[in-house]
Structures are given as structure tokens and as C-alpha cells.
Amino acid sequence: MALVEVRDVNKMFSRGSERIEVFHGLTLDIEQGSFTALMGPSGSGKSTLLNLVAGLDRPTSGTIRVGGAEVSAMTATQLAGWRAANIGFVFQSFNLLPVLTAYQNVELPLLLTRLSKKERDERVRIALGVVGLDDRLDHYPRQLSGGQEQRVAIARAIVADPTLVMLDEPTGQLDAASSQEVLNLLGRLNDEFGKTILIVTHDPSAAKRAKRELHLDKGTFVEQEGAAP
Amino acid sequence: MKFWTLLRANLGRHKRRTFLTVASVALALFLFASLRTVITTLAAAAQFGSARRLVTTNATGFVLPLPVSYANRLGTVPGIEKVTWANWFGGRYGDGKRFFATFAIDAESYLDLYPEMSVPADQKAAFLQDKGGALIGARLVDLFGWKVGQNVTLQGTIFPGDWTFTVRGVYTPTDPAINDDAMMFHWSYLDERTGREGLAGWYIMQIDRPDNAANVATTIDDQFRSSPFPTKTGTEQAFNASFATMWGNIGLLMNTIGLAVVFAILLVTANAMMMSARERTRELAILKTIGYTDRLLFVLVLAEAGIITVTGAVLGLGAAKALYRATNFNGGGFLPGFDVTWATMAAGAAITLLLMLGSGIIPAAQAARLPVVTALRNVE
Amino acid sequence: MKIPILYNLRSMRARPVSTALTALGIALVVAVFIGTLALANGFATALVRTGSPTTVLVLRKGADSELSSSINRETASILASMPQAARGTDGRALVSAEVYVVIAAGRIGDTTAMANVVVRGVGPEAWQVRSNVRVAEGRLPASGRNEICLGTKLVGRFPNTGIGQSMHFAGRPWEVVCHFTAGGSAFESEVWGGNEQIMPAMRGEVFQSVSFRLADPAAFEDAKRALEADKRLTVDVHRESEFYAQQSQLLGNILRILAILVTSIMAVGAIFGAVNTMYAAVASRRPEIAVLLTLGFRPGNVLVSFLLESALVATIGGIVGCLLALPLNGLVTSTTNWASFSEIAFAFRITPGLLLAGMAFAVVMGTLGGYFPARQASKIEVVKALR
């Protein structure tokens, strides 16, 4: 069984009187431990797929299963709990709460658990260590560079040890050097820690780092050959 | 609780705004407590009165006198244990700017009937012995620096001329509803100087049992009904209550203003909360993606409103209670025992709850219902 | 080059809720301000109008109110024949020896609350001595009869006050034969009867005061000196208007202090509200402000523009506040004037001056509240704001 099973999904948006079909009969598997890049033109619906898999949005029809759970059928409250345990999400920008330090930002998902303060502290430090920012615990986002901010966001995404880490254009606003930092980190998470990574991007170097590329074409994703093994 | 860091960080986002909002709540509740205390103080004064004391005044109007010969006749009415009387003297001290009550009393029987006026034994004896002596309230000592043994001169207003008395004792009321700034001297002195007219202002009597009050009152009033000086008798409580009602619609006025104040502050607080909420749609969306439930966010936003309002309330109500106690405020003598009651504090707490809900509920509901996807898309 | 006001108006419309809440907060403060001062105003007016500068009030020396004064018949007749008093068309001196007493009367609808109502026994010339007193309905009390004339403020608030009805006090009935107005003054809360009827009913043997109209309106000082120097009399001579003004001091001051205290505290809260709103407005409009600056407007223009906007919101609040307070005008309420120990009914009195003061107050609050945010707006650095 694949980690993520998308079956025959249609997704339609209404914008005013217009109806736009983003996906039509989309069927897709994401295997456990894979590193997949979703690519396609701007506004084509790449982010929408992430939202559907995370349960932030519902398909018009079809089913989505993640780790066996039927995400497309859960209630909002169920999804919240499920997301907290299973998904880590990183956006292109403005991931962090500016009023909290790096440490406090990373701790946010753990506040939803029953872990003690000591246990939370342990995990936060580990997560920040993995992303290489354990010397920046008490810094506020405005004191961090763009790349560092994204790495903190990734730390937050993995601190609860989720099955799936999803990133929406994580390097979109970063310069080359910072992008490399972030992509290296993602590579490590996948190779060393076995995290399943799903990344939406139109940065070719990011796509190259992934082990599988999917291109959105006419409402469905098409496999792109030639990705790194 | 573990979300404290998040709440505190949010409130610290705009420290100035948080401070101003808390200060507004504090001011409003201070004002509310003060206004309500005017009402409760007047009510307490109106409630004061022993259940075993009756007051008899001239039925036509209590500014008219009663013959002092009534004293003996009242004493024989069944149910009456003790009788005393007093006259309003009026009088002005110095420039008259600080008014205080002055009474002429039948000293021994009056002090006997009012054990709430506590006077040291030696001072009491000295006062009883000196016909030109005076008993002063403890506050007068603070106000004018008078000392036992010194002479005090008042300008008579109703009874013309200069009236000099020797301070023989200081009384301290055991009940805060009693004025602690009155001055008392001997009725016999007043009577003598005004030509022995034998007129008393009003009578106070002690009855054997509280439930006898109505009967005794009727008996007395029936007895004097067709005399040249008809009487009106009632419990001391009723007598005091009638004074409180002389203020008129003061209760309505205070309540109306209080309501306006609370409402105005509600607007300020609600505005501040909504501003904060508007600026944070993005962050709320991110929390939802992390897995924070709608309900949790609702509670957190409401809790933020709660912290602001409760902090303001504690400051405002606390300041009111402490300030009036510390300064021994009594409204220039008109509001004896001015003290914020626990009932008023409770009312303040209820208002705080209202403020919290009123200002927080819309932002909280908006946060709960925030559609994550749209919110994320808008700001990116 | 000034920033057009249209910009401010549009911006206010773009944040309707915030603007409305702030304006409403200011409106409430202005309403309370006007309301409480109208109360103090009404009270002071009623008392000030009570006295006329050409009427002289004579009390016993040292008495601080009519209630505590006493003037015997001898003194009264000396005063009645003095030259300083004006004479009526029939040649009689316009002098009125008066009995002043306060009785207990229950108000309609609230039988437990006793009000102290003034009963004034007046001389036959009293109706001429006081120029602002007019019979509104009925006829004057006939001499020798237990008849009374009531001030209009008593009518309807106390039982048995209609013409033809009888009020009961001092152990006998008194027939109501007329109602009189007195220019909104304290007299309108009084019961007037003949002094020779009232005095014995109250078991009194003396008058409380003597009032007379000055023959020469400018000759008050002379009259005062003459009477106070007269060895046969021990009196204090007051100008009636000044006397009543002074009687209103205690309660008038209390009401005024209450008004100022309450509205000051409320104002601080409202100003805080305005400050919050304006800071938020400035923060959300940073890019716009930067654009304005690049277009050539100066920081000073920005400052003025935001100050103006804050003042504009406050003005709206002020107008709403005035409208909220207006219904109070003319509302009759009553309380006890502790100086004279009598009940006085008076009406809330809102004057154009008071409304103007309310508006000015609103603008001040808005300007104070908007100052620091406006200053911050004017200090925005273009480069940073446009990033």
C-alpha cells in the first residue's frame, strides 16, 4: 500500500460565474520514503493537491487516503488532530509567528500533545539540531535570514515526527545559497531519516534533488523521466 | 497552562495597544465601582437603624418642633423603654466651607440610647458634667485639629450669635454608616440661651421588642394627632431611609452613567480585539495547518480578550477599593462609610465577563471559522 | 500642497467598523458630558432665575437660609414702611413679609419617599414684588381663607394638586385655587398661601423673611447700608438673585464636579480608543503614505492629514453624542437642595453653548488621540515602507 493514494479525484473551483476544473480523474500514488517534486505552470493547481492531501481542502469527488486513513471523508475536527500527528507543512513565506522565538515556533505542534515540558523541550532541541540551528533558539524571525527562517519552519514541520512532510515552494523566495541549504536538508531528511517528502516547486534545482518528478498537465500529473535515482 | 507563551506573545505584539486597552478597562471599572458605591453607601445609610429604635417628628414637617413636655408622656406609652431627644442646631464654623452637623442633645439619655457612639469613659463623664461642653466626631479632630479641652466657637444660623463650647470628648462610631463628623452639645444649654422655650427637634425612643414598633408608633401618633403639635412616628430605619430618598433620582442617574461608561469601554476593547484579529489571519491559518482545531483557536482568542479585561478589572476595581479606604473618603460628610462593597466587586466581575465576551466573541468566532485555504492564498 | 480630504474620507469608509466604534466611543463620552452638565446647568439656572437683582431679601442677621431665619412682627412692620421699597400702582409698598416652612409630602407613585416641599406664606403684595411670577390658571387666594396657589412643577408630581382639589397639611385642608409659573425658578416647586393663614397653622409667631422691590434699582447698596445700620433691626440684607445663586453653590458644585470627573475618566478611555484606531490605520496604510511622499507631499502634510482624519472621526462622534443627549433637554427631575433643605424640581438644560462645548470636547479628544499616530505616519521612511 502506498503512503498516499489519490483515486479518481476531481476538483472544481467556482470563481464568480466561472467554473474552473483543476483536476479531472486524478489518480496517483506516493510511496513511503519517497521524495517527489510536483511541477507545473503557475496557478495550475499544484498547491491544491497539497491542500487536498493535507485535508485542508476537499475534492469535488474521488477519495484520498494517507496511511490508510480516508482523509477526504474526515470532519474538520478529525482532520485537525490527524494533521497534527501525521503532516508537516511548510509554505513559501511567512511560516513563522513573528511574536515567537525559533524555539517557541518549533514547539507549537507539540502543545497539542500530552507531552510534558521536558519531553517537548527534548524534541524541539533535536529538531532544531537536525536543521542546524540549535544556536538560534531564542532568535525571533526578524533576526533570521530567509534561509534560516525556512529551516526553522522545516524543524517545526518535523518536530512531531510526522509521516509526511509537504512543502509548497519552499525555496521560492530564497537566494541560491539559501536554497541549497534548504534542499540539502530535505535530502538528508529523506536519505537519513526516511521521511516522505512531497514538494511543490518550479525551481529546477529543487526538482533535480527529488527522486521523482510529476508534471501537472491537463488536469492530471504526468511522470517525468530523468529524475535523480 | 502551556499555551501561555502564545497568549503572552500575542498580547506583547502591540504593547502600546495592549497597555492602552487594559488602562481603558481599568478606568471604566474604577468609574463603575465609584458610581455604584455612591448608591450602596446611600442605601446603607438608609438601612441603618436599630430595629428597636423609633423616631418621632412633627407630623406637619420635621423642621417644626415638638414640646419637650412630650418626653414624659412618651415615656409612659406601653412598650417604650427609653426616651431621648435632639435639636438641629445648624451653625457655621469659620468660613463654613466644610459643613458638619451640630446637634443639641439630652446628653445622658441620648448616649444611653446610642451605644454605637463610643466615647472613652472619662471623656463621657467630663462631657456630662460640663453644661457648655461638646462631644465631637473623630473626623473633626482630623479636619480641624481640635483637641479635648479646647474651646470651639460656632456662628449660630438658626439661633443667632456666637456659641462657644469646650470640647470634652471624642466619639468614634462603631458602625461606618454613622457620621463621624458631627458635633453635639447639651440641649439644656440651648434651651436656656434661647429663653427656655422648651422645644425639642425630634424624639428617639427604644422599644422593648422590634415587632412592637408599628403598634407603639400608632399609639403615639393617635395620642397627639389633634394636638397643636401632631406627631409622626416611625422606625429609625424609615427615618434614615427618607433622607436617602431626598436625593431624588440619584440612583437612576448613577446607573445610567455607569451603563454609558461600560458600553463606551466595550467599544474600545472590541475595537482593539478586532484590530488584532484582522492582523493575524495568516498566523491563524498556519496554526490550523499545524493541526490547531477551530475550537482551540476560539478559546485562545477569547482567552486573550479575557486576559486584557481581567487585568484591567483587577487594576480598576482594586484601585477603587484601596483608594477610598486609604483616603477615608466620605464625600464631604454626605457619604459616610464610603467603601466599595463585595457585591459591587462581584458586579464588576460580571461586567468584566461581559466585556470579555463582548469584545472577544466576534474575533474568536471569526478565527474559528477562518477558511484556511482562502486565508493562505490571500496573503501569499 | 495639502493632501485632499477625500483621501481621508475614503480611508475611513474602507475601515467602517473601526471608525464607527471609535466614533461611537467618543459619542458616548460627549453625551455623558452634555447630560451631566445639563443637569448641573438646569439646577443652577432654576436657582439663579429664582432671584431678581431688583428684589431685596431681608433675613435675620447670621441666618444662612430662609429656613433658619426669624423676623418678628415689629421688624416686619418697620421694614414695610421704609422708603427704599417701590410702590405699586395703588400706592401700597411692594413689600412681602413671608413665612417659610418645609412640609413632608409624599410624591405620586412613590408613597414611601417623602419630599420636603416648601410652603411659603406670602403677603398680598408678593405677586408684584416678584416680577417673574405669573398666575397660569385660576385666581389668587382670597385673604382670610385656607387657599393655596401651587407652582407648576408640583402639579402632577404630588397628589391633590389640581385646581379645586385640597392638599392636606398642618392638620387642615387647603383648597388649591391657582397654579403659577415663575420662569423656571425654584418658586415653581413651592406652595404659596397667605402669611396670616400659614403662620398660625405652623404654630409660628414670626416671619422668616421680608422681600421688597427696590424703588431705585441701582440703589441696592444704599438700602443695604441703611437697613443694616438701623439700630432697631438686626438683619442681613441680600440681593435676591445673589442669595439664591449662593444657595445653589453646594449642590451645583457637587453636580459640576461629578460631571467633570466622570467625563474626564471616560474621555481618557475614548482617547485611548482613538489612539489604537489611528495607530492601526497608520500601520495598514504605510505603503500608501510612502506613495504620497514620493508624489511630493511633505511629512508635514501627512501629519496634518492624519490629525484631520482623527478629528473628523471625533466630530462625527461629537454630533452623534449631541443627538444622543438632546432628548434629555427639558426632562424634569428633582432633588433636595441641602442649603435650603427643600425639594427643588428643575429641568435638564441644554444650551447651544453646551452643545458647542461638547463638539469642541470631541474634537480635542480626537486630536489628542490622533497626535502620536499622525506623527508616526509623518516620520515614515519611504524606502522602508515601499519594500
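A, B and C label the chains in the order they appear, each numbered from 1.
Just so we're on the same page, a contact is a pair of C-beta atoms (placed from the backbone, for glycine too) under 8 Å apart; a residue touches a chain by one contact, two chains touch by 3 or more.
If you're wondering where the values come from, they're calculated on a predicted model, not measured in any experiment.
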item	value
Chain whose mean Cα position lies farthest from chain A	C
Central subunit by CA centre of mass proxy	B
Rounded Å distance, chain B centre to chain C centre (Cα mean)	25
Distance from the mean Cα position of chain B to that of chain A, given in whole angstrom	64
Where chain A and chain C are represented by their mean Cα positions, the distance between them in whole Å	72
Chain B to chain C touching residues, read off their complex	14, 16-17, 20-21, 23-24, 27-28, 30-31, 35, 59-64, 90, 92, 96, 99, 155-158, 160-161, 226, 228-230, 232, 241-242, 245-250, 253, 257, 260-261, 263-265, 267-268, 270-272, 274-275, 279
Contact set on chain A toward chain B in their complex	51, 54, 56-57, 76-77, 80-85, 87, 89, 91-95, 97-100, 104, 107-109, 111-112, 117, 156
Chain C residues touching chain B - in the complex, by the definition given at the top	17-18, 21-22, 24-25, 28-29, 31-32, 35-36, 39, 60-65, 67-68, 101-104, 110, 112-116, 119, 169-171, 201-203, 234, 250, 262, 265-266, 268-270, 272-273, 275-277, 279-280, 333-336, 341, 343
Residue ranges of chain B touching chain A (in the complex, touch as defined)	2-3, 5-6, 9-10, 12-13, 282-283, 286-296, 372-373, 376, 379-380
